[in-house]
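Beneath this line is the structure, given in structure tokens, with notes to follow.
Naming follows writing order (A, B, C and D), and every chain is counted from residue 1.
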Amino acid sequence: MSEKDHQFSLEFIVRDYECDFQGVVNNANYQHYLEHARHEFLILKGISAVNLHEEGIDLIVSRIEIDYKYPLRSRDRFEVRISIKREGNARLVFLQNIYRLPDEKLIIKAIVTGVATKKGRPVAPGILIEQLGLQ
Amino acid sequence: MSEKDHQFSLEFIVRDYECDFQGVVNNANYQHYLEHARHEFLILKGISAVNLHEEGIDLIVSRIEIDYKYPLRSRDRFEVRISIKREGNARLVFLQNIYRLPDEKLIIKAIVTGVATKKGRPVAPGILIEQLGLQ
Amino acid sequence: MSEKDHQFSLEFIVRDYECDFQGVVNNANYQHYLEHARHEFLILKGISAVNLHEEGIDLIVSRIEIDYKYPLRSRDRFEVRISIKREGNARLVFLQNIYRLPDEKLIIKAIVTGVATKKGRPVAPGILIEQLGLQ
Amino acid sequence: MSEKDHQFSLEFIVRDYECDFQGVVNNANYQHYLEHARHEFLILKGISAVNLHEEGIDLIVSRIEIDYKYPLRSRDRFEVRISIKREGNARLVFLQNIYRLPDEKLIIKAIVTGVATKKGRPVAPGILIEQLGLQ
């Protein structure tokens, strides 16, 4: 994902409770940031993970790859930037990078593969693909 | 990692607060399970992530890949199994699978690459490699 | 709650990710320990918070008081001990203390008031009171 | 704390991962919101919990009381409002209420007592009291 490519970005500030005994954000918390940014991006496209769950459809992550480049510390401001692409008929791939602000230092690069499931089985995310402009 | 290969395993039970609105363990929490199992494995080998931090050395994760195969639910018992290998002079690779108990269903497959750093720079994890029997 | 009074206890070990930048367990995580111990106690009595939720009944906490006496650190073993009493027709009060092991140092004293609700309104927890032996 | 009394407020939005299997914010996460708001308030007054830790002084919570009035759900906007008072020579008391926005529904009322400690022993928070305008 190059600087200009992202379709959505969301700004955060590191909260102290997100830092662990090493004084930096605990690895697992980056997944929280990535999830929150994805869900806010989907909301903007008219897709609510919570509402879909109530209708019996779950958006789930089937695979995640994260390269940790540099750690975030207490009160660092940062931005999660997202671009999305389709993979076959069933998968959506979110490219998600985190940059520290204001110096734009690359913090993590993540590739998150998502599928829509109904009762635990993948469903073609037709309407999602349409709403995301990926058809 | 085949069944017989793992060098360490640790049993857990899913706690209700680890489940999210979808009624399954939130993706980020698997990283917590993986980290806790790794740290307990290292303790068994005489390596304390917390003590090393106090000596100025941080064990950090530089890359993680997780394939989410099947979700865990409230009170599921499960086991994190670990095998470890060396990658060059600076990296340790932890193969970590999670299996539900007692049915041995595969839940996640993870590959976690770790490095030892001092003041943010990688250091050759010589003594760690020795303690882990990887020399 | 005196030593001999508790009706249930559950042992834990502090996981490194539960410690924050101060090197001790973050305050919020004690609530996680308390909740997990309560839910395990209720399970033993035949009451599942998760199953009740699926039937439309939610066990919720209406008030919590915690006195933090001494902090827990990485890998400390500890026990959550619970005794329970009834308060009027609608409330259950859980007295929950945490002791470090093996030295029995008092870590926190908590009083947790719970109510059962249906569609957001309190319901008399008749059957719960029976199952808990409080009638 | 009446509406007009608070000295600081901070706005948040509920993130989906903060909700548990009941579909509402898990009780422990309110403590995270309260802590983050307190730390941001202190920063505004020139007091950094993280920097103090590095100087050997820890701001810790000795007691918390929370009345849970109404639950927050996915993507609810809310505000943590804080007023502060001194209690004797060693304690600071934070009155912290959470209101949902924009309807101002009261979500929780919390009273958080804090002390400053050095090597685990309370110290008179003289300079803090001055910086907080409480002398």
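In this text, contacts are C-beta pairs under 8 Å (C-beta built on N, C-alpha and C of every residue); 3 or more make two chains touch, one makes a residue touch a chain.
Just so you know, these numbers come straight off a predicted model, no measurement behind them.
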Any chance you could check whether A-D or B-D wins on number of contacting C-beta pairs? A-D
Distance between chain centroids, defined by C-alpha means - chain A, chain B (Å): 22
Between chain A and chain D, what's the gap in Å when you average each chain's C-alpha atoms? 29
Report the inter-centroid distance (CA atoms only) between chain B and chain D in whole Å. 33
Two or more partner chains touched - positions in chain A: 16-17, 19, 21, 23, 26, 28, 32, 35, 50, 74
Once you've mapped the touching chain pairs, tell me: line, ring, star, complete or other? complete
Touching residues (chain side chain A, partner chain C) in the complex: 16-17, 19-21, 23, 26, 28, 74
Chain D partner, complex, touching residues on chain C are 21-22, 26-29, 31-32, 35, 50, 53, 58, 60-68, 71
Chain C - residues contacting chain B, complex: 15-17, 19, 23, 32, 35-36, 39, 43, 49-50, 74-75
